[in-house]
Structures are given as structure tokens and as C-alpha cells.
Amino acid sequence: MNALQHPHGLALDKQIQATRAFTNIRQASTALAAPLSAEDCQVQSMPDASPVKWHLAHTTWFFETFILERFLQGYRAFDPQFRLLFNSYYNSVGEQYPRPQRGLLSRPSLETVLAYRNHVDEAVRTAIAQHTACDEDFDALLELGLHHEQQHQELILMDVKHMLSCNPLHPAYAALPLRAAAHQPEPLQWQTFDGGRYQMGHPAHAGFAFDNERPAHEVLLHPYQLAHRLVTQGEYLAFIEAGGYRTPDYWLSLGWDTVCTQGWRAPLYWQQTDDAWSVFTLSGRRDLDPDTPVSHLSYFEADAYARWAGVRLPTEAEWEQAAASQDNVLQPSPNLFETGALQPLPAPRPDPTCRLTQMKGDLWEWTASAYAPYPGFRPGPGAIGEYNGKFMCNQYVLRGGSFATPASHIRPSYRNFFPPQARWQFAGLRLARDASAPN
Amino acid sequence: MNALQHPHGLALDKQIQATRAFTNIRQASTALAAPLSAEDCQVQSMPDASPVKWHLAHTTWFFETFILERFLQGYRAFDPQFRLLFNSYYNSVGEQYPRPQRGLLSRPSLETVLAYRNHVDEAVRTAIAQHTACDEDFDALLELGLHHEQQHQELILMDVKHMLSCNPLHPAYAALPLRAAAHQPEPLQWQTFDGGRYQMGHPAHAGFAFDNERPAHEVLLHPYQLAHRLVTQGEYLAFIEAGGYRTPDYWLSLGWDTVCTQGWRAPLYWQQTDDAWSVFTLSGRRDLDPDTPVSHLSYFEADAYARWAGVRLPTEAEWEQAAASQDNVLQPSPNLFETGALQPLPAPRPDPTCRLTQMKGDLWEWTASAYAPYPGFRPGPGAIGEYNGKFMCNQYVLRGGSFATPASHIRPSYRNFFPPQARWQFAGLRLARDASAPN
Amino acid sequence: MNALQHPHGLALDKQIQATRAFTNIRQASTALAAPLSAEDCQVQSMPDASPVKWHLAHTTWFFETFILERFLQGYRAFDPQFRLLFNSYYNSVGEQYPRPQRGLLSRPSLETVLAYRNHVDEAVRTAIAQHTACDEDFDALLELGLHHEQQHQELILMDVKHMLSCNPLHPAYAALPLRAAAHQPEPLQWQTFDGGRYQMGHPAHAGFAFDNERPAHEVLLHPYQLAHRLVTQGEYLAFIEAGGYRTPDYWLSLGWDTVCTQGWRAPLYWQQTDDAWSVFTLSGRRDLDPDTPVSHLSYFEADAYARWAGVRLPTEAEWEQAAASQDNVLQPSPNLFETGALQPLPAPRPDPTCRLTQMKGDLWEWTASAYAPYPGFRPGPGAIGEYNGKFMCNQYVLRGGSFATPASHIRPSYRNFFPPQARWQFAGLRLARDASAPN
Amino acid sequence: MNALQHPHGLALDKQIQATRAFTNIRQASTALAAPLSAEDCQVQSMPDASPVKWHLAHTTWFFETFILERFLQGYRAFDPQFRLLFNSYYNSVGEQYPRPQRGLLSRPSLETVLAYRNHVDEAVRTAIAQHTACDEDFDALLELGLHHEQQHQELILMDVKHMLSCNPLHPAYAALPLRAAAHQPEPLQWQTFDGGRYQMGHPAHAGFAFDNERPAHEVLLHPYQLAHRLVTQGEYLAFIEAGGYRTPDYWLSLGWDTVCTQGWRAPLYWQQTDDAWSVFTLSGRRDLDPDTPVSHLSYFEADAYARWAGVRLPTEAEWEQAAASQDNVLQPSPNLFETGALQPLPAPRPDPTCRLTQMKGDLWEWTASAYAPYPGFRPGPGAIGEYNGKFMCNQYVLRGGSFATPASHIRPSYRNFFPPQARWQFAGLRLARDASAPN
């Protein structure tokens, strides 16, 4: 470290900050596993999900592989076999253990994985002391690793919920209050946005963003309207009761195929018994609350609901422009991971200066946009280039974050993505429509 | 018909034109079946393909169901059971015979299907005499029926080729010259196009277009370049020989999965024996000609080739804008169905005023654009609304038509679409890249 | 040919007989195809079935491969590519065209296959003139070829029926009288057979038998009873109405899995509409006749019915011993292929000297015996050894022949076999039980 | 309990014995789990296998459901939901949790399952004190429950081995000596057995046997020979090196299909690296020892090896008759579970009075016999009747027990059974052949 180039105070400050951020974010992951037994952390309930233990190990592997192996001289791997075992999909790093078999790895034990985490955390802290504020590559990879870790924190909650839902005992992950807010959401209102040329995506040199949010570029929007809040479970129930799952007209062709072959009759985790509906939550099975936003929808279901309602889903450009226009004013207490709600909450009353609610947090919102590269997109060099770009096919973009997203992880330009049939993510639905001609 | 409202001459003229178009296009379908036996017309070689007999019957069903049942008073169905038997995917019309089992229907015989065609053709001609030029709905549905028939003409050739390719005897559909042009294609040149706001899609009241080409709307383009011709088989072979099918780096994640699970090592219909490559054509198996455009690529392969070459696929907006800019000048003799070539041909020398070659005909060109509705898209009313909109998911747009597309069927705004793994359509690849900054 | 060893008259007589048998049996196959179009002969309705055209070609291939190539000097193959194309499963002969794709071979045409038959028939007749009565191997292979051809005749009818049943038009193969006999079958009676040591299987030097019927060997039987006739459709309907297809207790575990995953609710070809049952026959769809023997049962269904009825299926040793005991007396006009009935008929009145009816013809009868080699079984040498032995796994034996079996093809020792879930063969059910202790 | 009917001494003695047997056998199951973590006990590595935790719970469920619910008045279920959760396949008891998802049940925890075991064990001991020696049904069900528990002990070892084998870390279940015996097995010798009528199966009133071993009945045997020991890994390697897995001639048709679709090239757990073979054992991956009996063979492989060797597999009647003839003399220290070897051992030198070795223990031996009911077989009443009978289809019988079979669990009449493709059981191969004519 060159003390001249990096004046003492600033560099040290950055190191302290980096160490603190690293420690906090890493601890947040293990905190998520705290209410779970080693057996809970072992199970993989479907090929798309992973065991909690695997998430804890893989995020550690990420720091070991992309930071310690490159930046920490003399670093000794905790266990050289983990390089293969906990590689998710990085072909450039080497072979991978088959994804659908992650739940078969009873060894290493959860205890060993926690020791692995400690070993790597110690080493990363050493590396931070050596490199932060004097090596841009290091800082960028560290930041990427932390955002990667935060993504897996949300995945842990998704995967735990799915795993518990397969158990006829309906176990709870946490004891949650029935819901935080007692009021009913207001009737749906439409907010109008002008058309025109807008900047979209994350600008260069404006802080961290994933490569898929870049480059910032101009898009052309036509005037449109967004609903001021998410669709509720009560509203979605009306779609079901109107025969939504029995009427092919509302569905994309692939969606209707999925409804028929999978026998879908309601969103994931909904169950009907004697004309009463219940919903499996992170707090076990509960009566359906009509005021709560509907979640665990596939793209097919979100799209079908919108078509039934005579409107449509927003594009991601529309969504981002609307979110950006709100972001300048104070959005009061969004329901992100920090609230501890662990569930979506009924929409608050719109604020006079911030009339769209639930844009940040509560539930990811399906957009009508297929996940595609922005004009001029270039994936990063080497293995890091596999992070996002290669998944840009047959997936749709979701925006806005959910109750499981940490506040430091979400941005208006953030692009989440899932295949149109996926339902285990915390995904809901905000309606959009073309703006009528100006009066 | 009200002779006052429809002055004699004009109405009669329109009727004669409509009758002639109808007769010609209907005959073109049966002419495609002429070289085939009843057995050839029976076979369905995969669930995505249909027997030729089914194509001949379904296109007839389309006129019977959407025109004769509605417009021809007293019309008696040729066989009421055909309503179910030859319905492709119109849920609004009623149930459908399972698509993968179309090849099991030995009855009705080809002879009966041809009689069905005659029966319906006669009735449609009567209906034309009664309605053309005095009923807009009739005229619109007749035109739609004819374009529908032309789509199936190309499907017939695709499906016949696939069916014959499954036969170890390598039968030929037609005896074709080795290739029409003797010259080598020129080295690839790049044509530059400006960015800016452009009109895209088919304008209202500008003649026939499918609903998915509408509405016309403005898009914003960034400066870009297109290759002046299609990628050749020789160029694609270099990709194979460079390990293209063994290197995951070039592929989308889903594409690489497909390469591995399907064991792809070359485009569909290519075969390697003792270091020599041959290609199955509508004229049987032939030695690979390096100068011919490469065809029967999936989106995955087109995309991987482009990535290997350091460039990308064009978006459909870029492609359409480029095609529109060329369409004003005379494009000499595009290789469409009317040439009778029945295969893609080596690129001609670029014309000074029309420097992009092969934009019309030869092969459909994969674009980077997921198939999605245009802003403001509204599907047609009733069953006709199922024509296009419900397929807008997990498919990619192809542009430009092929050697199997009739000249009266193609437009610069025409949007063809296939899933990214489909390979049996006549699909090739034109490269694109971002334009460098202006000098 | 050594005229001394084979005295003129006898040898000539044998040649004439062989030629006549060959010609008759070969013509019987083409006669079966006579009511069918080339399109009918093209279709393969499931992987287990084959197109009629393929049957006609494969039986010809058998004579060409095993007789002409070996015995007829200078024989020129009709088309050398047929060696691969029409090989069913003889690994020793070489590669095979994939079985599930037989329906894709529109070429060679039916016309060509018939010419192939003529070409080979002519050559076989020449070979008969040269070899019959002077070469035991030749005579044995010729006889095997003829029995092979007869097996495929029954397969043709099975496969045609299945193919026609897939067609919603319910086409008929032949116009058949509703049924030949007007009387009701008598109530079921039990015939008792003693236990003891019995000879089972086909003795050496006792005329033709397949290798799986040999060697003859002693078995030990315990006293048992057989029902005097087959179970009728009316009796089987009672099982259905008693909840047979909803009660796991009656079923083997694999059988119940099959009922659930396949959604079975009745035998193949049965259909219920508004409380009336119909059955698809070779004469189209017809009302269920309660007096006709139930057919198109899987082993699972035959076994479940027997368990529901409190009895069991016979073993093949029991069946053969009972049949042999009856065979000495005159069984009046069994319903074999020669009757032309093309369907099972109600049981005739038992004859005082021949009290088991329907043992020969009407329907194959499932036995409780897994298909296994007899003690001392040796498959034939070379490719012929693949005829039977390699299929002795996960199949069950059926006995007795059906209305589709030629009279010259069936013997009491004849062992037919199908997997327990197969239903498209002409298979019914005769009940058995242990004999009570003697009074 | 009526002290008059059950004279003090005898009844008490029986109770003490029953309690001791119960306690010992139940403890043996938990002892098997002792070297495993809760995570190890959670994993289900394939649908055919079950988690160790599930085995521990299901065997407990068996006592609770079939004994406590019926015999122990006032018994309160440990958890009423376990009735569904740990029912394996008893339709008469009610619904079952889907078998392939057993590994998803992280709750109840291993700790809770062990508490469940204690709860039930205590109650069963109370029930023994009340019922043993005065209620035949009770005694019979208790004995069945203990044999059921012993079956699951062997399954635990099979399933643990499979689970560990999926882990690239190659973990060991136990540290085992390389092998107990240092000597080479002797060359294979043939022991001759006479034909004739023999008693087969377990006689009534001769102690415990499963229903499938009954009734005892006469069978007719033809003279035959058995190899004096199991086939070794070295001998099997010769089959591999002779192209055994590349030559269809040796295989049943279904077997060859399996070889091709599964890509089999050696027995399960064998791996070849650089021309050296290793085998995964309960002690981790080890070099192949040519003298050890070959294990983890499917029926297909055992049958193919025998065909390659020019001989065959024994029938179960042959095997049982041979075993019975040996059983009268002292078989020195068979390698059953009590030896603690946890692996098959090289064959000992034959004893002059007991010339077949390895008949008891080491490895289960595939027979040529399809698993079928004995003449006169009647399954037990109620749910217990589902124990064996409904699985008598598409399975083959294995005899003799393995190193994982407790000594008190095995009999010469014992019939184990697996589908012909199954390989994870401890199954090997003894050759048989027809005896030559007497000199």
C-alpha cells in the first residue's frame, strides 16, 4: 500500500467501512440459518432450490475463489475439494457437482461449513486490510461478493419456505404477527406517466450495480399508467372464482399448457379446504387474508390476471422510469428485509408526494419484459462474465425487491429475473395500461 | 349486394381478383404435395411437425370455419367431424385432436382431403361472389385465410424435409441443381445505420399485415452495423472446428444445456463421415458447399456463433429499419419461393444502391429480440385473436423470409417466431454490431 | 441333391407341399392388408406396434436374410438397404432402424414392399426346389419363417385395431356380424384335474415348435380346477361396478401404480358414455355385449379380477396339462382365424367328452407364469437364437391362441408372452383355483 | 392375563425372552445410526432408498400401528400425524406420504424420532408383559415386527452406502480392515445334486417365516450342479475385459436396453481410472481386490455373466435344496452381520462335510426364478397381507443373506426379491449348470 497515493485517513476509513460491511453481511447469512437445525439446512426440496448449507458454503466459495485465490498471497484453501463441490455454474472455474444432487451432500456437515465460513472470513479481512482502497479490482470483487451474498440471503428464505411447505406438519420458520397493518388497502388508483425519451439503466461511476443494469441508455416511452399498489389476494381470488384457471382465453399458450400439465388451480402455497382458502407462509399455514398482496405467482399467472382485468403488465422501462420519478421524494419505511416482517404487507395510504406505494420491497413485480441485454451490454471478463449474461433467455424481469431483500441491495435499476413458470420467489403483480389520450 | 353502393365495375374487378388470388394460392398448396405419395403425406416425423395431409386439410378447415360457417348461408359442412379433427389450436372453436397424434389419422385419406378442398374451394368462390367488395369483415378474413395458407406452404416444405431426413434412404423431394450461382460470396462487409427515432411496424390502412406487426410505433435506435450478407456454411464450419460445440463460453446457459442433452455437434441435417461433411437437402444428402448460407440453426447456435465472432445478432428494430431503407430501391430477384431454387443460394454481389444482400428470401434471419407485443397491441376479436398473441413467450423473432416464402407473403415488418431450440425452419444468421463512434 | 437318399416321389411331394404352404401363408399376409389403403399401412400408433407395411417387409426380410442369403447361390438382394431397415431386433445381423420410428418410413412405398415380397417369394420357391427334403437346416428355417410370418399376421390385426382406435372417426377394418352365436353362455362350471407328474413342453422330433417350448420335461402338479369358459364382458363389468379400479386391495403393487398413472378405468377400447358402455372392435365402436368374452386385458387386470373373484389364474403347466387332456377328443370348430369371425365369440355349450370350451382360439389366456426358460433350454445357434430366449424377463405367458391365430400355428405347448401392462393383444382370462381335498 | 391358563414359569420365561429379543433388535437399529450425523440420517439419495431417519421412524410406526393400536388399551399415539408420515405402502392403513419425497422431511428431527422410538419401545414392553404367551396374534405380530425391523437394518446399510457413494468426498461409514482373510479362493468346483421330488418352502408350525415362504410344497428337480463359491471380482473383471458390456449376445433384451440407456460399464460402485479399478465400500473407495466376491450386480449382469461363462443361474428350488442338504452339518462361522466385517469376504476352503461355501451370508445370490407365489399361497389377513404378495411381479428371488443380515433373520427358505435392474442391494452371483448324465 502506498501511503502517499492513499492518504492515511481516507484509506483507513475505507478499510474500516469495508470490514464492517463484510462482517455484517456475512453474519446476516448465518443469522438466517440460526432458527434452523442441521437437518433443515440439509434438504433440497426441488432442483431449482438449494440446501441452506449449500448457500452458506457457496457464498463462501465465491470469496475464496474470486478474492482469496487471487489477492491473498499464501492463502491455503480450507478444503481443496470444495472448489468443485460449491461451484454453482462457473464453467471457467471448472467442473461442478450436479445441481439437483446438492441435497445429497451430508458431508461436509453444517458445523464444518460454518468453520469454512470463519476460515474464509478471517482471510478476507486480512485481504481487505492489504488491498482495500489501493486496488480497484479487489474493491469491485469484494463489493460483488457482498451483493452476491445478499442475493443468496433472499434465496435462503425462498428455499426454506419451499422446503417447509413440502412437510405435512406445516412447520414455521418464524413466529410472525398475523400482519403489521390493520387497515384495508384503498381501491386501486392509476398514476399517469408521460411518454418521451428517458435514461434507463445504471450510469457508469454511480456506485455498484450488476453488469446487467448497464450501460445506461436512452429509451422511448409511450404514455402509460401504473396502479398505485400491488394486486391483493382478495382481488386475485375473484379471478380464481371467475374461472380464471379454467379459461384458456386469459393465458399465454405456454401458460395454459402449464396450468393443464401441472394442475394449477391457485398460486403456489394456496390450498382450498371446504370452501375456505389458506396460504402457507414462513409462519406456517394461515387463513387467506384478502388485503395482503398476492404472491408466489408465475409470470403466466400475473399475465393472465392482467388480461382478465383488461389491462397489462408494465415493461421494465416503464417501471424504472416510474420508480425513478418517486425516488427523489421520501418513501416512508419500505417493507424490506430490515423490517423483519418476513411477509408482504397491505399497501399503506399513498403519500401526496409519493403516490405509488410498494414500489420498493413487499414483493418483486413481474414486468412484461423478457430478460435481455441492454444495448451495448458487455459481460465482465473471465468467470465473472458468467454472472448474468448467459441467463438472458426465456426469463422475464422482475423489479423492486421484496420483504426479503436487504435495503442496501436494491436500486430502481435492479433487474431480477425468473423463468415464466417459476413461482417460489416472492413475486407479485402491479397492473399497467396505456394512458388514454390527453384531455 | 347493393349495386348502387358498389359500382358495377370496381366490385366485379375486386371479385375477379379475389377469386384469382384464392384459386392460385390454394392450388399452390396442392402443387407442393404433387411430388409426394399418399404415404409421404401421412407421416408426422415429430410433435412440432404435421403431416402434409393435415396441412392440406387444416388450411381448408380455416376457410370453412371462419368464412363459410359465418358468411355462406345454407353451407353444409363436408364432414362435421372435421371441425374437431383439423382445428389446430383455437380453443374458442372447441376441442382439438392431440397435436402429436396427427400422423395417426390414416382416415380421411389424402383423396378425401383433396375432395374436401374442392368442396370448400367451390363454396368459397360462391361466397366471394356474394361478399367481396361489400363486406369488409369478409374481405379481411379471406385475406387472412390466404396468408394463413401461405404460411402452411412453407411449413409443408419444412415438415417434408424433416420427414425425409429421418429415412436412411435419403429420399429427395425434388431434383435440384447443385446451386444456381457459380461465384464465391464476397468477404463480409459492414453497412452502417444511424441511430434515432424510427417508425416500426405496419401502419394502419396500408394493406394486409398480421396483428403482431401492429400498431406502428416509434422506436429509438442506437447507431449499428449489419453484415452485408448471411453467414456461410464455410464460415460456420470454422466455428465448429474451433471447438464451438465444446466450449460453454460461447453459449447461453440454456443453449449449452441443449447442446449437452441433445448431443448437438453441428447444425441440423449436417453429418460428418471420415472428415467430410454432408448436408441433407430437399434434394437428398449432398456434400457441404462452403459458399451456401448456413441454415437450420437454432437461436442458440446463431447466438453462439455471433459471440464467438465477437459481434451479436441484430434486434428486430435494427433489422426492420435496415430493410426499410433498402426497400425503396430495386432489389434484384430475391430468392423467394417463386425462383424454384428450394434452397438458399450464395450471396450475390452487392448492388451500389442496395448494399445489403439476402435481406429478402434465402433464409429467415434470427434476431436478438424476444417475441413480444408491440406497444398498444390488441389481438383480433374472437378465435382470430388466438392467431398470434398467445404465442408471445419464450420465442425469438426471425425476419426476411426464405426460399420457401411466396413473394406476396413477405414484408419488411413481417415477424416470424420460433422457440430458441427449434432448428427445422429455414433459418440462418446475419451478424450485427454496435457502430463505432463517428470519425 | 442325392437322388438315392431322397427317393424321387417323396422328395417331390415334400417340395410341392412346402411350396404350397409357403405360397398360402405368404398370401394370407397380403390378404390381411387388402382392405387397407397405403396410408393405413403407413401408420405406427405406438412404439409397441408397427406399421402394416413394416410387417409385410420384415417377414420378407426374414426369408431373405436367413434363407436366401445362405441357401440361394447368386441371390441378389432386392435392395441392400433393407437389411438394416427391416431388421427387427437381431443384433447378430447388424444394426437396426429405431423401432419407435418405423412409422416415419414413407419410402419404400407399399407398392415397392409388395414388389419386394414378389421378388423374395419367387426366389424362395426356387430355393425350395433346390433344397427341400435334402437339407434339414433349410427345411427347419423355412418352417420357422412360415411360423414367424403367421405370428406377424396376428400382430397385423392387433396393430391395425390399435391404429384405427386412435381415430375419432372410429373406422372399421371389416364389416362383421354383431356376433355369430345367439345363445347366452352357461354359468361358470369348474373342471377338476389331478395332481402328479406330467410331461410338459414339446417333445423332440414331434414336428415344429419354437425353441421356447422345448425341451419337454416333467413337472409336478397339485390338484386344481379350471373354469370351463372365459370370463365374459358382463362378468367383468360387475368387477368394474364393484369398484375394481378404485380398490388397491385387488391389485399387484405395480398394477395399482399403472392404474393410477395411466388412469385406467376399464379394459382397453372400452368407453363409457351416459352410463352405457361401448367397445371398439375391428368393426368399429359397438355396444358392449355382456356375453362376449372380455378381451384386451393386461395381466394386471386379469390378476385383479381373479383376486376379486376369490380365485386365481392358472399356471402354464396347469393350462397345458388340461389342454392336452382335451386335445385327444374332437374339439368342434374352434374360433381361430379360419372362421373369419375376427372377434371372440360367446362360449358354446360344453361337450360331454370335451368339457373345457374356448381353450383353442377366441382369446389368448393369461397364465400366472412368468415367461422363463424350461429346464435345459438352449436357444438356437446364431441370430435365430435371439428369437425367443432374450425376452424371458418381466413378461407373462399366455396360452391357447385367439380368433386371429391360424389353425396351423397353434399347439397346446405354444407359449405366447407379453409384459404385464400390455393390453393391445387379443387377451382374455380363464379362472383357476386349487382343488379342494377329495371327499 | 390369566395366570391359570398360562402357568407361571413358562409364560414369564417367554415374556423375558420376548422383551430381551425386542430390546436387542430395536437397539441394533439405533446402533447402526450411531456413526452417522443427523444430516447423514436426513438424506434420500434416490427414490428406491430412504433416509436412515425414516427407517428408524417407520419400523417404530410398524409396532405402533399393528401392535399398540390394537393390543395396548389406552395407548396414546406419540404424534397422530406420524400415522400418515411413516406408512410405507399399506393402503389398508390409509394414505401415504410420497415415497420419493421422504428426504424432504427435516421435521421431525432425528432427536424426535429417537424419542418416538423410546416412547413406543416402552409401550411395547408393557404390551409384551400383558400379552406374550397368552395371545397368539400378539406373539405373531411381535415376531413379524422384529423381522421387519431386521429387514430395515440391512436396508439402512444399503441406503447409507448409496448415499455416501454420491458424495465426491468418498466418506466412510466405518473403518474396516482391508479384508479378514489373507488366502486366495480356490478354483471353482462344481457340486452335484440329484433330481427328484423335494419339499420346498417353510413347513407350518416350524417357527417364524414370512408368508411368501409358505406353504411348503413338493417340487420336482432335475439333476444339477452348483459352484462351490461366489464369483469373484477378478473373475467378473475378465468378463468386462472380454467386452461383456459391449456385446448384446450375453444379455437379456431388457438388460441390454438398460446397459445402453444407463451407460453401464461395470457393477455399481466400480470406477476405472488410468486402467486401475477401484470400488466404493462402506469404508470408502478402495482398490479392487480380485479375490473378493463381486457384488452390487443387477440380475441382468448376473445373468449375462453366467451366459458368457456358458452356464446359468440356479433356480430358487435348486438353491434351497442344496442349502438344506448343507444345513444339517456345521457351517463354520458364516459372514453375517454379527461378524462385523461389513463386506463380503473371500471364500474359505471348502469343508469335507460341507462343500458349498458362502451359502449363508457374504452376499445375496441371484436366482433364475421370478418372484411368484408358491402353490396354495394365501397372504395374511388385513394390512399384513400387503407385506409380500402384492410385490410378486417383475422381480427376481435372491437367497442366502449377506454380511448385513442378522443371523437370527436368515433361513434356507428365506426369499429376498428385487427388480432385475436393481443394484444397490448386497447381491452377488453363484453359478449353476445342468448335471451331465451319470457315468
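In this document, chain identifiers A, B, C and D correspond to the written order of the chains, with residue numbering beginning at 1 in each.
Please note the rule applied: contacts are C-beta pairs under 8 Å (C-beta built on N, C-alpha and C of every residue); 3 or more make two chains touch, one makes a residue touch a chain.
The structure displayed is predicted, hence computed values, not measured ones.
Relative to the C-alpha centre of subunit D, the farthest chain centre belongs to B. Centroids built from CA atoms put subunit D at 48 Å from subunit A. Between subunit A and subunit C the centroid-to-centroid distance comes to 61 Å (mean Cα coordinates, whole Å).
None of the residues of subunit C touches two or more other chains.
A list of each chain pair in contact follows: A-B, A-D, B-C, C-D. Partner subunit A is touched in their complex by these residues of subunit D: 37-43, 45, 53, 81, 84-85, 97, 101, 103-110, 163, 166-169, 171. Remark: subunit C residues 89, 91-92, 197, 217-220, 222, 248-249, 251-256, 299-300, 368-370, 372-373, 375-376, 390-394, 420, 434 touch subunit D in the complex.
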